[in-house]
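Both of the next two complexes hold subunit A, though its partner changes from subunit B to subunit C.
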Partner chain A sequence: MQSNVKQSPSLFKSALSRIVSDKLSLIALIVVGIYFFVAFLVSIGVLAADWGKEVAASYAEPSSLVWFGADIFGRSVFVKVIKATETAVMLGIVVSMISMFIGAGLGMLAGFFGGLVDEIIVWFYTTVSSIPGIMLLVAIAFILGKGTTSVFLSLGLTSWVGLCRIIRAEVMKHKDREYVQAANALGASNSRKLLKHILPNVSHLLIINFTQTFDSAIKAEVILSFLGLSVVGRPSWGGMIDDAKLELGRGVWWQLGAATMAMFFIVLAFNVLGDALRDALDPKLKGK
Partner chain B sequence: MNIYSYVLRRLLYTIPVLLGVCLIIFVLFNLVAPDPAFILLGKHATQIQIDQLHHELGLDRSFIVQYFDIVKSSFTFDFGYSWATKQNIYEMIKNGAGPSLSITGPLFIISNIVAISLALLVAFYRGKLIDKVMLIVSIGGMSIPSLAVVLFGQYYFGYKLGWFEISGYERGFPGFVPYVILPVILYTFISFGADTRFYRTVILDEVYQDYVRTARSKGLNEMVIMFKHVLKNSMIPILTNIIIQIPTLILGLLFAESFFSIPGLGSMTINAINNSDFPVIKAMTILSALGFMLFGIITDVAYTMVDPRMRLK
Partner chain C sequence: MKMRNIFLLVISSIMLVSGCAKKRDANERVLNLVSPAEIKGFDPIQADDLYSGREISKIYEGLLQYHWLKIPYELIPNLAEAMPEVSKDGLTYTFKILKGVKFQDDAAFPGGKGREIEASDFVYSVKRLADAKTVSTGWWVLDGKIKGLNEWRDRNAKLPTTNYDEDVVGLKAVDKYTLQFTLAKINPQFIYSLAMPFTYVVAKEVVAKYGKEFINHPVGTGPYSLPSFDQSKQITYTKNPTFREKFYPKEASPQLQHLLGDAGKKLPLVDKIVVHIIKEDQPRWLKFNKGEVDITGIPKDNFATAIKDNKLSEELVKKGIVLEITPGLDVTYTAFNMENKLFHNKKLRQAMYAAFDNKKDNALFYNNTAFPAQSVIPPGVSGNDPKYINPFKGPNLDLAKKLLAEAGYPGGVGLPELKYDIPDSTTSRQGGEFFQKQMDQIGVKIKIVTSPWPEFQAKVKKKAVEIYGLAWMADYPDAENFLQLFYGPNKSPGANGSNYDNPEFNKQFEDAVSMQDSPARTAKYEKLNKFLAEEVVSLFGLHRQSYTLEQGWLKNYHNSDFSHDYVQYLNIDNAKKAELLKNF
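Moving on, here comes the complex of A and B:
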């Protein structure tokens, strides 16, 4: 039988078309794309592989030869910023993944099973969230010591509570809906109901959360750099901004300027994109 | 459910949460952290010295006892002595609270007034040019790393133009004023973007409610609707957001303080991190968690008192 009902576009499809049709969000999407592409090129060694090379005098001013000047060791600030893009994108992705895994995982368990499981998980995130984020971040980073892994872990372990709360509340709403009852009637197991039926219906929250966590991870890295707890052996925007503590007094502003600009555009783009995604993906606002 | 049993229940719930906070601190500092003997004695300590130190710090006792030491300190506020300065931590905190408050107090008041006024303005002119400009300015401001704002502000306004003191502090009322002006301005700039946008969303949530349409159809003018109806109803989330900031007033501005050499709790914490001063970090973590919990309860109770809908839950 041929159906006359026109299939309505899926949430993600209509969200994507909304974002692409809005000029500002489209630009934001392109900016994010460029950063990710640059990070990819750096990671396969096409770009900025020689970031450690001395190309000019120490603290050489910006010129046509060295675009953004040089740092204390005569390394090109421009190439460092490019190399640090890889660090930032990697950091954003890994931290968001960790926070998503913990936050969504615990949130789904709590919301779906309720009872004692819920009590314990709620107790756990209430506990974590009653320690001010910055204190917990600093304490964990400090305990784990210097190094890239430690930065990933400390940021990931401190940024999942918000997502966990939202997912829990949302799963609680969904678990008694008809479609879950239908799955139940068909004999679906709990894990199937959760992963196959409920998860797709809350997945838009994960995407919105990704943009927020990505942003806050990059920003928090600056704080860790300031404390000397950030990544080692590779340049990061936070580290470059932190270097400016000693440089500004001599009038060396280019490292601060370049790293801030690099950070500014991706954080801005993710901010805009996050807002656009929230508007586009929130089914309650659909069609408005 | 009446308000007293609600408060009582909330207070009782802080006990497991506080025990949890202590558990996190215990796991981090007593289990995962490297042996403090290496930090305090260096690499070439003998086993006897290490054992002696463990005994002094109470690390040779069972984990349960060590855990309950932390729990006990959160009730008695007896956090012991700093490893770095050998001072009593309680005294250190008492000394640091004043300077911290002298910067966070004015910042709290000024930044909230700025954010709420701006939010009312843009909500009133929503969709107009000023709203769009403010949106760009707020998101732009949010996207600049705070450290960069502080460094630039210190360099430009303090050093280049010489308008403000770059850093330093003087105790006592008129004395501290010149030193806190620049940090207050810079941190108002850092926080206004997110706050303004939050308050704007809160206010706009109300603007599209049915009661506003009713008020409008009665022929009330926009100003009355905005200030009498909308602002009143959006006051709940606004107040929540304000009250929840209060514990951070006591915690101090972690980074601003050490940047502007203000001897408050923030600098104390940063110094403790730089010196691996476990007891001070532990004490500050417990204190700030207590502050968060206490004001969390106050917020929720205030919520229940002003919003009858919440009382049934």
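Moving on, here comes the complex of A and C:
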């Protein structure tokens, strides 16, 4: 059957066009894109594969040979920053995914089923959120032992509560809407209603939350490094800042400078992008 | 009106309180120290690390101690009246215990008043060290030395509760003030163990009252007391009010004559000690530079600014700070846990040693102030041959690669990733990364595992490590103290954290340590030292020098390798402190 009704563009398509049309958001998107691309190149070994190589004297100052100077072992700080981008991006993605999976999963169950399920989940996240974040993080890192995996897991396991609350509230709102009732009338199963009907309608929240979790994960890694619980054996921005707290005593500022700069741009870009995404994806703000 | 009165009352009481506090501060002599690692607790039989040993020695005491102002080190009586009478056959040591020495007041004693120490307390304390159920980390110092003690230990290990009333032939309280040790065989090092924290005297009642919590309730006979220990970042000790009459020494070796200013004064000299637990170098350094800490080492990253041409920088001199450089009787080493069969492969160990660049390690982490270690015994202790060069000591990458291939892992192929355990400070992590980098050159892959100091030690004791980095500081000036690190019966939880057990080495070691100090014994020590070097039982790193900075108001301090109880001799010149602090 043919129709002459013009189809409106999808939410995501229109959001993308809104971001592209805004200069600041576009720059943020490009910056994030560059970081992801660099991380990708590092992970396939095209960039910074030889980060461990000695290229200058120990603590050599920034020069045309070593742009951001050298670290204690004479390794290029610039190359280390590049290599650490992979760690940071990977950390951001994995942590956000874990947090999204747990937060959205539990939030949807609580909001949709209500009753006892809701009570248990609310009790659980209230308990988790009542433990000071940093303590919980340290405790999990201790239990899991040190290393990259445990940093990923401990950050992921401590950052899902906010999303869970939002999704729960949103699902509660949606489950009584007409389209869900229609699905109900057609005999759709609970999982179909949740995954096929409700989830797409709350997915914009997941995307916004992703950008927020991403940059808080990068910042949390720095704190963990200061507590001696972070990634060891491969460069990370947190590790470089941890090194710098000793090196500043001898006037070596370049590791701190380089790592902070690298962090600053991606965290800022994610913040701007998160803001833009919220404006673009929130149906309530549509058309404004 | 009423409100105004209340307000005035509050203000005046604040002023009164702060005024009182200030007045007290001005007269009180407070010593501020730092510990770069957490303290495990206050149980003498677990005092196997320097940091815990130092804290325990503020509260507990032993039969003997080292003379504070004598170099070479000299053992003198502490809780004993005099040095022991030794029988002609060299096997029986008889001590007279000081009369009237009391344990600190504690609720464990009747009426809360500490009772007098007796010879039987020493018998109990030694048995406690030997008790297999206490899992002491210091049993190795007496293992096999006292007649009948090993048998007592083995017998009681099988019983549900240890029978402390059962007599041990070689360990007797002859009367209230006479204590007698009979050795299983001649052992010249035995006497040193009586000045070590492991054998400090504890009271049976206190151990019984606090049980597992005894480790946090120290009650000794020493100059300072601490009601309870709670793993905080600051430990505050106060003078033990019932401390006996003990006086500052009146004699000193020629080089320490300048420390006789307080000769004859009653000990301890300062009223309060505050120990700040600061793991990281920079906060420690900054605190010292603000005048809030009285003694410190120099962090590697501040060395260049603090020391110029082996002299203190002008800025620090202006603050009245004093530098003391002393070679330490120690060795840094990277140990293999030999329970892991992989490390039985001698060529692998040798290859790793040859790959490690010790000179660079010295430059990066010790500002080139340390001396390369060829084996375990440091210079200044007989058994160290200054001419000896270890043929496997790196950096020699060609040799390393060749040896690795001979070990069966050409280019590291087939060798699993090895775990390298270190404490969790930033410097240790950098050290770990350096080791990882060095090993990577020959294809040996290393994974760094960091843990807080007490947890790290616990892992070594439980044999839950593969490779780990550590330093050993002498407990007494005898090579036996270094060689025993590889003596089979001293395996973890003993001092032999490598769990190396070579019957031939064990036999030769036993022969050597039963000899009196003589050229023949030195020759044996040298032979054993070279054997360990070429076996590459550990990757021996450096013998460090200690660069210590002291505030100008601190009196009587000098670096001592063995006097863990040094704080009782230290003094603070409050007037000078007020004066010098103006320059900070």
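In this section, the second predicted complex is superposed on the first by the 285 of 288 C-alpha atoms of A that agree within 3 Å, B and C clash if a C-alpha of one lies under 4 Å from a C-alpha of the other, contacts with A are read in each partner's own complex, and residues count from 1 in each chain.
The rule we apply is simple: a contact is a pair of C-beta atoms (placed from the backbone, for glycine too) under 8 Å apart; a residue touches a chain by one contact, two chains touch by 3 or more.
Here the structure is a predicted model, which is why all the values come from computation and not from measurement.
After the match on subunit A, would you call subunit B and subunit C a fit or a clash?
In the superposition, subunit B runs into subunit C.
Could you tell me if A:40 is touching subunit B, subunit C, both of them or neither one (first, second, both, neither)?
Touch status of A:40: no partner.
More residues of subunit A are touched by which partner: subunit B or subunit C?
Result: the larger residue contact count on subunit A belongs to B.
If you stack the two complexes on chain A, which partner ends up touching A:138: first (subunit B), second (subunit C), both, or neither?
first
Applying the touch criterion given at the start, work out whether A:113 contacts subunit B, subunit C, both or neither, answering first, second, both or neither.
neither
If you stack the two complexes on chain A, which partner ends up touching A:127: first (subunit B), second (subunit C), both, or neither?
A:127 sits against subunit B, while subunit C stays out of touch.
According to the stated criteria, A:242 is in contact with first (subunit B), second (subunit C), both, or neither; which is it?
A:242 contacts both subunit B and subunit C.
Going by the contact rule set out at the top, does A:52 touch subunit B (first), subunit C (second), both, or neither?
Touch partner of A:52: subunit C, not subunit B.
A:223 in the overlay: touching subunit B, subunit C, both, or neither? Say first, second, both or neither.
Touch partner of A:223: subunit B, not subunit C.
In the superposed model, only one of 5-13, 23-31 or 41-49 in subunit B has C-alpha atoms clashing with subunit C. Which one?
41-49
Which parts of subunit A are in contact with subunit B and also with subunit C?
Comparing the two interfaces on subunit A, one with subunit B and one with subunit C, the shared residues are 145, 228, 242, 245, 248-249.
Contact residues on subunit A for subunit B in the complex?
Interface residues on the subunit A side: 123-124, 126-132, 134-136, 138-140, 142-145, 219, 222-223, 226-228, 237-238, 241-242, 244-245, 248-249, 253, 256, 259-260, 263-265, 267-268, 271-272.
Could you list, by residue number, the parts of subunit C that touch subunit A in their complex?
Going by the criterion above, the answer is residues 280-282, 285, 299-302, 304-305, 363-364, 424-427, 429-430, 432-434, 436-437, 440, 446-452.
Can you tell me which positions in subunit B touch subunit A when the two form their complex?
Going through subunit B, the ones touching subunit A are 16-17, 20-21, 23-25, 28-29, 32-34, 139-140, 142-148, 151-152, 154-155, 159, 247-248, 251, 254-255, 269-270, 273-274, 276, 281, 284-285, 288-289, 292-293, 296.
Where on subunit A does subunit C make contact in their complex?
The touching residues are 52, 58, 72-73, 145-147, 228-229, 232-233, 239, 242-243, 245-250, 252.
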